[in-house]
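Structure incoming, see below.
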């Protein structure tokens, strides 16, 4: 603890730092997002920044990148003071940033996105051909492969992130800021990213990494800073701290980093899926015969790299298959068949049958961002009899209900009237989770419950999911976080290319084995090194 | 999180914007060699200075309330209904057909019957664009524009060839039966023992419009259907997740929208002209767009914006009638009011916000 | 003090409102008197304008356009001491003078001239909105044309179905060109402001046109065959000067209410034979030998 | 229908589509940059008025056209200030601009010419001379008679016969097509048609175009790349103004000879419809506006379709282009996806 000082502590070194921030403050209206921040990042290091949702991390980095103007404070780049009035200045100073929400033009090609704002001359052709060459080189140097002519919206999130990194490198960034880069990545993608970051560090580049995942901080950073409520509360050498200590610094209390649960006691089958197939509007077969069973009181975790049919599975079970798709097969909940197409196949009907659904993307599906919190608590259940009589809604009843849920789920700030948009990601997620879990559904569908959520909130959400299970409900959990799958699930199914590759018990498998399954390789049937099939062990 | 008190946002901003618009209008009036003070007093006097002026102001406002509400309801479902003009015209046809074909003995019977006719025809005219948008993905903005033209052509044909009394020069329907004439507010005032707004066209439809405001408010902010409409308008994927059927909401929202636009006909066709004339809508459908947007898509806002436009219409009409100022000046004034209160409101709001923030800081 | 109210098209509609304005202006210039004139903004103002004028003591009150008919019927009885005159419509009230024109007769003469000036045997008619009044022009024109050229052809177009139809010179010009490409070499424009585009296109393409309402021969000297003038100006002037006589006043050819304009601008185009034919027809119509059918009587036209 | 009729209809379609095409491309630039523009109508009207006015006062159509550009540019500036600088509602701003143009043109026209908002006819004749002569006199007073003489250009755009039009006329089909349909339009028609490939090239082959499209899809991407969103959007809105200026100038000084109040007659809205129809693409704009022009030309040509049993009334033929548009949209064109950031003012922090 020698190198760590509370409250604006500094790490003293002689050489000029890559970045030094002094006394940075920034307010949005009446919210003080950053208060008198001091930060020093050494050249050629990876510096982590952690903090709860809304702690002010993104704001601070946006200031460094010239996206926001600070109210007060000084920025030194390479030891020299610099007024960063706009992003252009930051780029010229060698700063590149990968935002938490990517700033890509969805219907542009990779190449177009990369040269945007950094074109050579007025015509595109020379820029494009130069960029193509540079890209090839970068791809070789850092293993950053993306098809330069692919349209961005067709890329997976992981690849979109590569494009963002390439954008920064193309601009010859020396200092690279990554805001929650792994929030949307699969473990394999995250590992890949870290290899790239290490490569960049070896080249002498400086990297600032914002993340909620302590494992990543411990794994890759050299130093780490902790933010809380707009202030910088600590800066330490990673080697000299521990996850528990960081978590405590972040949240201000002790945090349980592992899920506590008793073994499941499965009851009668709740969800039965047989031969589920789905061909999307473009004619691509997304689900190729899925069979699933979930019993009361158990959590079935579905692991898999995103894009292998999990979204389609959740949407079909949730009652809203993609427009223009054809779905075949059978599904039953508590013995009653679920219509998979036609009039009976809609989300409202599903809710009446006792299905709850925490969608993968809270901002696009789970919430109406402009609605107040109390309205979002009724969202999807607005037809419920207790929310009003006849065609009219009973605001008071809904608000009373919402206040209860918000209090029980510790949504912050505990305000019914705040629009969903104005809650932090973690708290937005809590609203969705509260709404779905407190309905006490017989079957709960969950997609990526903790994406981009800070550890305090993760702990809380995990606890509630386990409680629901213990109350005898069936839960289908889809997540790309293997840690989450491993710690929450009672059984794990791995999805690959629209199929269930295999089922494993969390106690009887390893992340390595799951990783192979996720890549479409069944270790049980995969050829061994000498080409012979291993003997089947039932 | 609010940067300034609500009253400042709701009252101060529009009032200052209005003053700015008027100042520029005054400049325009000066530029064409007329007197701004005369113009302003004529307008205010003519529109608000007497019960007579109010009678007309409220009459026009009634039209704009209906079309404004129509645009507003569709807007909440994120549908931009430019077809108010055609839907209101068709509503007029509905009114005329009901009143000319049914032997209705009393206005109290005729009004609901005519309202049904007006709403049905207006809604029917919105149905096809709605259905095409929901099912075929044709853009509602184009189809409603097209349907305005088609409505004009259809009415032209129907009035000239079918509804026009033989030998009449005027491409208009015959007069509606005496019994179906709606009570004017002036008659109602007389019945209560005082004289108000003699010979003005404002009639009982004004109250219908006010009730419509309340009902639309209930619909949008208090009903489950309104909840679905707003949710769908904000996010279609979320609506799907919540079990809200996009086709159903698109069609219902447009039917309500078209019905409201159609209802305007009980004011201008049934209440005022007492027969159907060519081009009876006179652009009220387009004014409805401005009214809804300026009213911030809230019934109370629509009501106030409609009053403002009623004032501009009547005041402007008086200008054209009694001064040598060309009537086109009114259009310019309307444009400036729309521009300053509707599109340039931030020009006023931003400095105000800064002022209030500074005041609060000093206070704190 | 007399008063004049224009129809919604406005004072400068290049059509009969403008003609009415010219009449009032002439009266004012000659007598040095003053009059009130009103331009309306909307339908609801018709009644408002009439009543307000009557209450301020204006007398007589002249209004242009059939659209006032219905309202005047309601208003006139309330002001028995005020005299009203309405142009283009018959209103039967004891204090109302109805001034109607026999546009079909004037158009008939224009039709004869068009027939004689046409080399191709095809002429055109372009109306504004498709309303009965304009059919009156069309039918008279066709009758005159057929009388002079029984096997000739009249092409007929209407500009549109919204009030924009009266103010769309571009569409007017395009319609004229379409008719020209079908062989028309004289085109009669009865379309208000749209007519400007029609006359223009005709002049550009080197064919002849026929103006309407006021004398438009000067717009393209030597290229406008004639104009079917409807002396609304005279009617207004007369009402202002000599007061209003309740009853129906038919301003026909005989009363010089309608005619074809021949002046310096089109003198060269009018051959002696043409002049003779027109004079003859004029005399026969005045004498009742030729009865030009009025479309309004049965909503039909005897010739196609 | 013989070849000649077809050619005449096509010729008419070309003239009718030109203002639509220019306005449609104007809307394309603006909306591709994320600024909705329902004020096309007003800008065209303003341009038509200023072009006709200056042409009438100076007798020079080129000065007129410049004035047309300026007039539309002025309203475009209003739109830009309202919707970009002050992040106002773009639809309201557009509505206001339409009203503003509709009122101001008549008001100013009446003030200048006293013809009720109409400008004098731009054909040499008495009406025009009384306007032009004082200007020439003033000009020769200040600069000497030479310049005045040099300014005696026509007050209206003339038709241009393309080279070899007559020579080629004999070649079957191609010859008449060239001579009738392609040749013989005013310069603005050719400018409009050239604008299509030019726009395509600007949009897809230049740095400016790349940034313009990006700013309409995701302004934050442009902002974080260090490029000014405001400047780009203003540029787009200004280009839209210039193109509307050309459209208006064409209406008043090319197609017709002078300004008449409300002479745009809803063409701005049709252009908007065409823009959506074209899915915000330059070649699509060409196709969509051609379709509208063609439908109108056909309806003009066959005003009373006699089907033997019944004669289709003129009202129906007048509405036919609109009816067909609805049918075509419903049947053949899929969902048109507007630029994603369209209509939204760009706000970095709230």
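Labels A, B, C and D are assigned to the chains in the order they are written; within every chain, residues are numbered from 1.
Following the convention adopted for this analysis, contacts are C-beta pairs under 8 Å (C-beta built on N, C-alpha and C of every residue); 3 or more make two chains touch, one makes a residue touch a chain.
Since we're looking at a predicted model, the values are computed, not measured.
Farthest chain from chain A, judged by C-alpha centroids: C. In this structure, the chain pairs B-D and A-B differ in their number of contacting C-beta pairs, and the larger number is found at B-D. Centres computed as Cα averages put chain A at a distance of 76 Å from chain C.
Spacing of chain B relative to chain D, judged by their CA centroids, is 30 angstrom. Separating the centre of chain A from that of chain B, both taken as means of CA atoms, is a distance of 47 Å. Centroid to centroid, with C-alpha atoms defining each point, chain B and chain C lie 36 Å apart.
Each of residues 149, 152-153, 156-157, 160, 326, 330 in chain B touches at least two other chains. Shared interface positions of chain D, defined as residues touching 2 or more other chains, are 110, 117, 266, 313, 315, 318-319.
In chain A, there is no position where the chain touches two or more neighbouring chains simultaneously.
Those residues of chain C whose C-beta lies close enough to touch chain D in the complex are 10-14, 18, 130, 156-158, 160-162, 164, 167-175, 177-178, 181-182, 193, 196-197, 200-201, 203, 218-221.
On the chain B side of its complex with chain A, the touching residues are 1-3, 218, 222-225, 227-228, 230-231, 234-235, 237-238, 240-245, 357.
The residues of chain B lying in touch with chain C in their complex are 56, 59-60, 149, 152-153, 155-157, 160, 164, 166-172, 175, 199-201, 268, 272-273, 275, 277-280, 282, 313, 316-317, 320-321, 326-327, 330.
Against chain B, the residues of chain A that register as touching in their complex are 29-31, 318-320, 346-351, 357, 359, 364-371, 375, 378-380, 382-383, 388, 391-393, 395, 418, 422. Only residues 4-5, 8, 11-12, 15-16, 19, 110, 115-118, 121, 123, 125-127, 251, 255-258, 260-263, 265-266, 296-297, 300-301, 303-304, 313-315, 318-319 of chain D touch chain C when the two sit together in their complex.
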